[in-house]
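Letters A, B and C mark the chains in the order given here, with residues in each chain numbered from 1 onward.
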Amino acid sequence: MGRYIIRRLIQAVPVLLGATLFIFAIVFALPGDPIAALAGEKRQDPNIVAIIRDQYHLNDPLLLQYWYYISGIIFRGDFGKTFAGVPVTQLLAGKLQVTLNLALVALVLEAVIGVVLGLWAALRRGRATDTAILASTLLLISIPTLVSGFVLQLWLGVWLKQVTGTEIFPIAGTTQGIKSYLLPGFVLAGVSIAYLTRLTRTSLVETLRSDYIRTATAKGLSRRRVIGRHGLRNALIPLVTYLGADLGNLMGGAVITETIFNLPGIGNQLYQGVYLREQPIVVGIVTILVLVYIVANLVVDLMYAVLDPRIRYE
Amino acid sequence: MSKTSLRTSPAEGGLGDEPLLAVEDLHVEFVTRAGIVRAVNGVSYSLNPGETLAVLGESGSGKSVTAQAIMGILDMPPARIPKGEIRFRGTDLLKLSDEARTQVRGQRISMIFQDALSALNPVFTVGWQISEMFRVHRGMNKRDAMAKAVELMDRVRIPAAKQRVNDYPHQFSGGMRQRIMIAMSIALDPEVLIADEPTTALDVTVQAQIMELLAELQRESNMGLILITHDLGVVADVADKIAVMYAGRIVENAPVYDIYRAPAHPYTKGLLESIPRVDQKGQELYAIKGLPPNLLDMPTGCAFHPRCPYRQDNCVTDAPPLYGISGARNSACHYWREVLDGDPR
Amino acid sequence: MSDTPQAGPAGPDTQTLTPETAPVAPPSRGRRRKKEGKPASLWTDAWHDLRRRPMFIFSLVLIAILLIMSFWPSLFTSINPLDARTCDLSTARQGPSAGHLFGRDNLGCDVYARTIYGAGNSILIGVSTTIITAVVGGLLGLIAGTRGGLTDTVSSRVTEVFFAIPQILGALLITATFRDKGLGIWIVVIALSVLAWPMTFRIMRAAVITARSQDFVIAARALGASQSRIMFGHLLPNAIAPVIVVSTINLGGFIAAEAALSFLGVGVQSPDISWGLMIADARSRFLEAPLPLVFPAVFLSITVLAFIMMGDAVRDALDPKLR
């Protein structure tokens, strides 16, 4: 097991390097001069500009700049500083928390709603409930976050508040703790809920067809136990992969939701970073998301071993 | 645990003439998009305590479906049972409530399947799966149930049972897995055990060991055994009587000795002649010509007529009844006398 | 894959007999049987199946309307929204009226006409991206799957890199960086393609590897067929179905992604019209005047729905087991 983790981590290194280099190269080509953007309208002392450029290695070739950057992360956990001198890690900590909260709320909603709907559909396969659930997954997949975000903001945020007189779902900001994340979390989870519902349904339907389910019935177990113990335990295995891999997707895809609901997360920050040509911020954010993706996938693989005894790591 | 009212042990008598298990004119059909598939068309057979009935037939003959109907593990729908009775100690199982049926299943009638690897749940240890019988049906605690599981694994002669009880099915060999399947099915001392092609997936040497084990367990417990197979070679040593099925019907029904001596149905005869034999080395092996019938499009008259060397004109139009030949012997062939005499025209 | 999906077991014996696996005998059975064993019969079967699916017909009609709308928007409206004179600031955010079915937006422009004209860019970007990713990803996947070895290892590692980059953020970065290069809306196509081709690559590669181990391919190889003959004559026809399904579903996703990028200000730029851009413009007054946002949003959703429905229908027809 230990060796497997180490091997997987070694395999992840080229992925991390490749992804960050790709992003770094694009940011390198970002139009405009960051120092000019930093100074705004003020006239700049050419000497100071030269010093800053030197300090941030802006005169070096791409690969050398990249090396300074990535070695800082690898050897010192240093994601660099913004041009204003604030360490990127410090700047991103709060933003990352917001996006992580949002993604986790979305993940929980996804898991609960997706699994429940999927199981329900599977157990009513071919009947009206099943058809209705399948049709709603189609709708859920088809409505972009951009649309569902605004529509739900209007209905569940504004309209519901007018009708009930209390604010059940805040429509902007993060001031109300977890309550602030419910609506944006659901919006962010939308498409994933639909896919997870379908996956759960297919998985359980497939599982219930297997021979060991027939055996469990032949053992004289109740239908509840056959499905609940023997069926679910097996049907849940593929769902774990999906959910694990989806954490990265949710964090990376949060930018639209963050914009609609005014959440100060990393999606928003990246957007600003691109405009200000703040290389360290942009690359830092992407690097963090790539790391989340890699770690989440590793955790999923390891959980597989726990869930499916047939899999061994060597 | 609760015993249903139909519990009367053979020792107490009360059976009268009623056999342990009697299938009477059973019909099973599947509703599919392509039409209704009549998988079982009026099958009858019976089983007494301590007796072994071999049900013989190729795939599609309805032998497994009949067994699943007895167990009550058919998926309904698409399956349905329009007609027939399955009497267990005189009570028609088909008329029982779901709950009462569940009490019979696994505890009093149990079943082992062909491919133990797929029939055992891959994510639970074998000990867990065997002991589940005691936990669920006998209300035992985990530790006692696990001890019983080890005991059973010993009984089916799995070496080092105590060490292996916490292993998963995929960690065992095919033969050992089938033993685990058997251990699970005999856990609660069932009165009827149905073995659906228990040795098909195994090596020849292992096949013999498993059959021996089944025969021995049966002698110890006096249970009735239904052995479903397509392999005549397997049944000769263990079976008391044989029911041969073709296209959802029983075509011949007889004590094992009679069948081997002189079959009374051309299909049985064909099956027997297609077994390779040492004394016929060098001769061409006989094969029944043609293909098994399409259940969606059954031949008229006798279902076997397109493949039958004894066919006469009336075989195409008239379905033969099950003719009584002698005591316990029947054949669904208009020309069973000719078949018994042995010379195809 | 060489079997028709309907070729179920002839003898229904055990529990495997369910409506899905049972032999299917639609009225046209005899005709279909003729082409047995060739991929062609997979498509003929799929087509027969598709024609009877209301979901497919419905999505086909929707897509046809959308295509007409994007090529000849003037068939649907007499107002040309690209002409600034059709806007009137004094009528900004007016509700629906006889001449202006969907009302007017923040600049007093006709929402209906703009929504109609918005279809063009969405469809153009969606279709172009789909074709590029299907061809590039499909071809590379075909080569990697056929040749295996080092080619496969290297290209698979490269796709892993792209999978690790969050799609929308990566596309945002690329479009923001290169939008001044005079590429117009094509920068959106490039950005989405760069990040999305690994998906088709992975699917094609997996399908090719499955097909490669089938008997008829092994036989062709044993008979000395050339590499390219095996690749395009045997593997491609047998592996292309899942790529087509995923591409159709992705098309809807690309249209949604275009809207998202335009919404963020890095996609289609004014004065070009895009549903995402319209949503962004209407956003500031959304809570008081929701209609200028709602109409492009509804069109966007219906368009995405049409392609995803079609992808779903095609998938179900090609592989009934997934149902």
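For the reader, a short list of remarks on this structure follows.
Note that in this section a contact is a pair of C-beta atoms (placed from the backbone, for glycine too) under 8 Å apart; a residue touches a chain by one contact, two chains touch by 3 or more.
Quantities reported herein were computed from a predicted structural model and do not represent experimental measurements.
Counting C-beta pairs in contact across A-B and across A-C gives the higher total for A-C. With every chain reduced to the mean of its CA atoms, the largest distance from chain A is reached by B. Mean C-alpha positions place chain A and chain B at a centre distance of 54 Å.
Work out the mean CA point of chain A and of chain C, and you get 23 Å between them. Each of the following residues of chain B touches two or more other chains: 73. Under the contact definition stated at the top, the residues of chain C that touch 2 or more other chains are 15, 18. Residue positions 214 of chain A are each in touch with at least two other chains. Chain contact summary for the complex, chain A toward chain C: residues 14-16, 18-19, 22-23, 26-27, 29-31, 138-139, 141-147, 150-151, 154, 158, 202, 209, 214, 248-249, 251-253, 255-256, 259, 267, 270-271, 274-275, 282, 285-286, 289-290, 293-294. Touching chain B in their complex are the following residues of chain A: 210-212, 214-222, 225, 230, 233-234, 237, 307-310.
Only residues 15, 18, 157-158, 160-170, 172-174, 176-178, 180, 252, 256, 259-260, 263-264, 266, 276, 279, 283, 286-287, 290, 293-294, 297-298, 300-302, 304-305, 308-309, 312, 322 of chain C touch chain A when the two sit together in their complex.
Looking at the complex, you find that chain B touches chain A at residues 71, 73, 102-107, 110-111, 113, 115, 118-124, 132-133, 136-137, 168, 170, 181, 184.
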